[in-house]
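The data blocks that follow each hold one structure.
Next, two complexes with chain A in common: one pairs it with chain B, the other with chain C.
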Partner chain A sequence: MNWDILIRYAPALVGGFGVTIFCWLMGSAVGLAIGFAVALAAAVPSRALKAVLRVYVEVLRGTPFLMQLFILYSGGPAIGLRLSATTAGIVGLGLYSSAYYSEIFRAGFAAVPRGQIEAAMSVGMAPIDILARVRLPIALVAAAPPIINTLIVMSKETVVLSIITVPELMYQMQTMAAETFTAFDAIFAMAVFYWCLVEVVSRLGRRVEERATAFLASR
Partner chain B sequence: MTVPMISMRAVGKSFGAHQVLRGVDLDVLGSEVVCLIGPSGSGKSTLLRCVNFLESYDEGEVRIEGELIGYDIDKEGARRLMAQKRLREMRREIGMVFQHFNLWPHMTALENVSEPLVRVRGLKKAEASERAAAMLKRVGLAEKAHTHPQRLSGGQQQRVAIARALAMQPRVMLFDEPTSALDPELVGEVLEVMRALAADGMTMLIVTHEMGFAAHVANRIAFIDEGRIIDEGPPRHVFHQSKEPRVRQFLQTYHDRNAF
Partner chain C sequence: MRLSVIFHSFGYLTQAAGVTIALSLAGIALGFVFGTLACVARFSGKPWLERLGGAYVSVFRGVPLLVLLLFVYYFLATVGLDVPALVAAIGGLSLSSGAYQAEILRGALNAVPRGQAEAATALGYTAFDCWRRILLPQALRISIPPLINEFILLIKASSLVSVVGIAEITRVSMNIASMTYRPLEAYLAGGLFYLAINLSLAGLGGLAERCAAGGAR
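Presenting the complex of A and B:
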């Protein structure tokens, strides 16, 4: 371990880690929002809309994330879409993860027992209230574990953003390795950062899951 | 002559090629308790679900206090689905209790009862909780107000479900096999609540296999087989004097077990 170099590059690495977390959180927020909207829209009884959403999900899930990023960042200007590297990274991560989140939400809604919806209909509740007060809470409990899992997966997908020059952790690490010829130290430092992040997220996630399923405990 | 609370005329329904209901006529008057009995798959639950239009019917009419439910009829006499808002308004006046309780698992007993009062009746939260607590007391569950459904027995869950429906102050109550999912020793507490409700003058239409309860509480029994009412009348008539072989055959199994 070359501690001198690590200490000298610590500000850059910590800064990069901050960019990683920023892109991950923003991208996840975009992904969750779009994914939720897609899952809701898929419930609309229109075959055309369903087909469009199906293609959306299949294309984003069926092609590599790196390729999508290239199209967005390098291909975007061809259609007048000029995004900074970081913005492209966030939008890209959001679109890519939205395909996964929409499937998770869809499965969550499908897990809501029909009878509990009928009970709400039988007292004359409006569809919006049934969604907000009955379907969504029950769906979220079912969706919590896969959402947390996908959040963790996406936190590590952020390394791909380094390729379009987003100054996140991987990018800083490569810079350090190139400037100081310390490949091992740099990779080791990066592993520690990611491992800490994932550990924190999975611990928080477990707590969320426990709270969400507390009322199902005796089932 | 008073308008029946529920009035069904020539109600028919098919699931694909299978005809579930074949021209059912049935009236339920105010404060009357009518039990629908019959073999499994005879269409009794489907008929009950047509009353609040959870199930649509293809033919005939279902009227609640004279108003057609589920459809509007235009000038040419053609039927169209009625406005959803109006359907919701009608459903508010029709309480329903399900075989599997269908309580919302993320809410306490009290919240299950107060939620519709807030969302549908527009009560303030405190007011809704107060009325919900009173309803839970009425079904003997005052001390379980803050318990989630999963920690309640089946009988207790069904009593909460009854309280939820009652809190809306419906004009009529529908029961879809309310005790069929319960352990035998929990059936009594639910029937006791229903008996008290009937004594208070609630109009009730009940699908049940509890022949003893039907014999003692119902004003009228309708026996359904293959989507038709094949016999109807006071309990004494249907249980002891029916001339229909299918009714006698069905009831024989209960006679054999001394069920009533």
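Presenting the complex of A and C:
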């Protein structure tokens, strides 16, 4: 391991780490928002809408993330969609994860006991109140563990963004490797770094999960 | 949009789809060996084996596949092994998949009633026979649906192998895109192939699930 090189490239690497976190957070926010909207829309009693949403989820879950990025970033300009690499990365990550989040939210809503909704209706709560005060809290608690799990999976997927030249950590590391002929060191450092990141996030996630379970049990 | 690009690329992509499927099959098969070993190690009752199995799962689930693939690729070169990129690709895919399969098997083993292993011990089965004849067959039946799911994930993950230059669907789509200057059509065609493979696998998964449920009766 050559520490001089690592120190010389530290600014680029720190910047890359920032871009990684930025893309991860933004992409997850987009994904959670779309996923939630899709899960809500799937509850509308319309066959056509349900079929469209089913196709949306199946297509996004059935094709590789890298392929979706290529379609968005390289194929986009053909239909007048010109995105910078970082924007394409965030949009791509958001769309890809939204398919997973929508399934998670759907399962969360399905986990709300029927009796709770009936009780809310019988005391005369408005549909919007039933959603905000009864269905949503229960669904979110049920959805917390798989959401955290998907967040972790997506933090690893950000590495793929380097292939469409988003200047995140992997990209900066590969630039360093190419300029200084230290491919093995660089990749080894990346492996250790991501392993630590995932370990930390999953430990945090487990604590959130315990809290959520305790919250649910106290009800 | 020029549809002729999509039609013309079908021949190349069909061949590439064969490579994708073969790579993923090799990855899942080797990964199954790694996963079973790691899982048995974690249930062995020997602390150092348990820790080793746990470390394997933690490391290979924590490292992104792209990093792992490049690591294997450069590692083999650094230790002076001049192996084809294909070996590095299958190595990376199977090591990563093995960690996930170990978790799938662990979940399935937890679902096998404890009494089964105790009964086997009471009847004088050796540890090896208990695993081979009692625990693994029951765990496998439970883990068929998640294993097929893992196979679908692996088909998608194999698109990353394109970075080490193997002519699977993604790589071939990239080549078609640069030959025809029609990236949208080329990547859409590639995406269609992945979708077709994965949807048929999902259908197969449903079938296998029903068959396995029938066998359990």
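Operating definition for what follows: the second predicted complex is superposed on the first by the 214 of 219 C-alpha atoms of A that agree within 3 Å, B and C clash if a C-alpha of one lies under 4 Å from a C-alpha of the other, contacts with A are read in each partner's own complex, and residues count from 1 in each chain.
To be clear about the criterion, a contact is a pair of C-beta atoms (placed from the backbone, for glycine too) under 8 Å apart; a residue touches a chain by one contact, two chains touch by 3 or more.
As the structure is a prediction and not an experimental result, all values here were calculated from the model.
**Q** Could you look at A:Phe22 and tell me whether it touches chain B, chain C, both or neither (first, second, both, neither)?
**A** In the superposed model, A:Phe22 contacts neither chain B nor chain C.
**Q** I'd like to know which partner A:Tyr194 touches here: chain B for first, chain C for second, both or neither.
**A** second
**Q** On the A-aligned overlay, A:Pro64 touches which partner chain: chain B = first, chain C = second, or both, or neither?
**A** Only chain C; A:Pro64 stays clear of chain B.
**Q** Return the chain, chain B or chain C, that is in touch with more residues of chain A.
**A** C
**Q** Applying the document's definition of touch, where does A:Ile79 land relative to chain B and chain C: first, second, both, or neither?
**A** second
**Q** A:Ala183 in the overlay: touching chain B, chain C, both, or neither? Say first, second, both or neither.
**A** second
**Q** Using the touch definition from the top, say if A:Glu157 reaches chain B (first), chain C (second), both or neither.
**A** second
**Q** If we overlay the two complexes on their shared chain A, which of chain B and chain C does A:Val141 touch? Say first, second, both or neither.
**A** first
**Q** For A:Met170, select first, second, both or neither according to whether it touches chain B, chain C, the two together, or no partner.
**A** Touch partner of A:Met170: chain C, not chain B.
**Q** Touching chain A in the complex: which residues of chain C?
**A** 1, 58-59, 61-68, 70-71, 74-75, 77-78, 152, 155-160, 162-163, 170, 173-174, 177, 182-188, 190-191, 194-195, 198-199, 202
**Q** Can you tell me which positions in chain B touch chain A when the two form their complex?
**A** Result: residues 52, 54, 84, 88-92, 94-96, 98, 100, 102-106, 115-116, 119-120, 148, 150-151, 161, 164-165, 168 of chain B touch chain A.
**Q** Please name which positions on chain A make contact with chain C in the complex.
**A** For this pair, the touching residues of chain A are 58-59, 62-68, 70-71, 74-76, 78-79, 156-157, 159-160, 162-163, 170, 183-184, 187-188, 190-191, 194-199.
**Q** Spell out the part of chain A that touches chain B in their complex, as residue ranges.
**A** 113, 115-116, 118-127, 129, 133-134, 137-138, 141, 215-219
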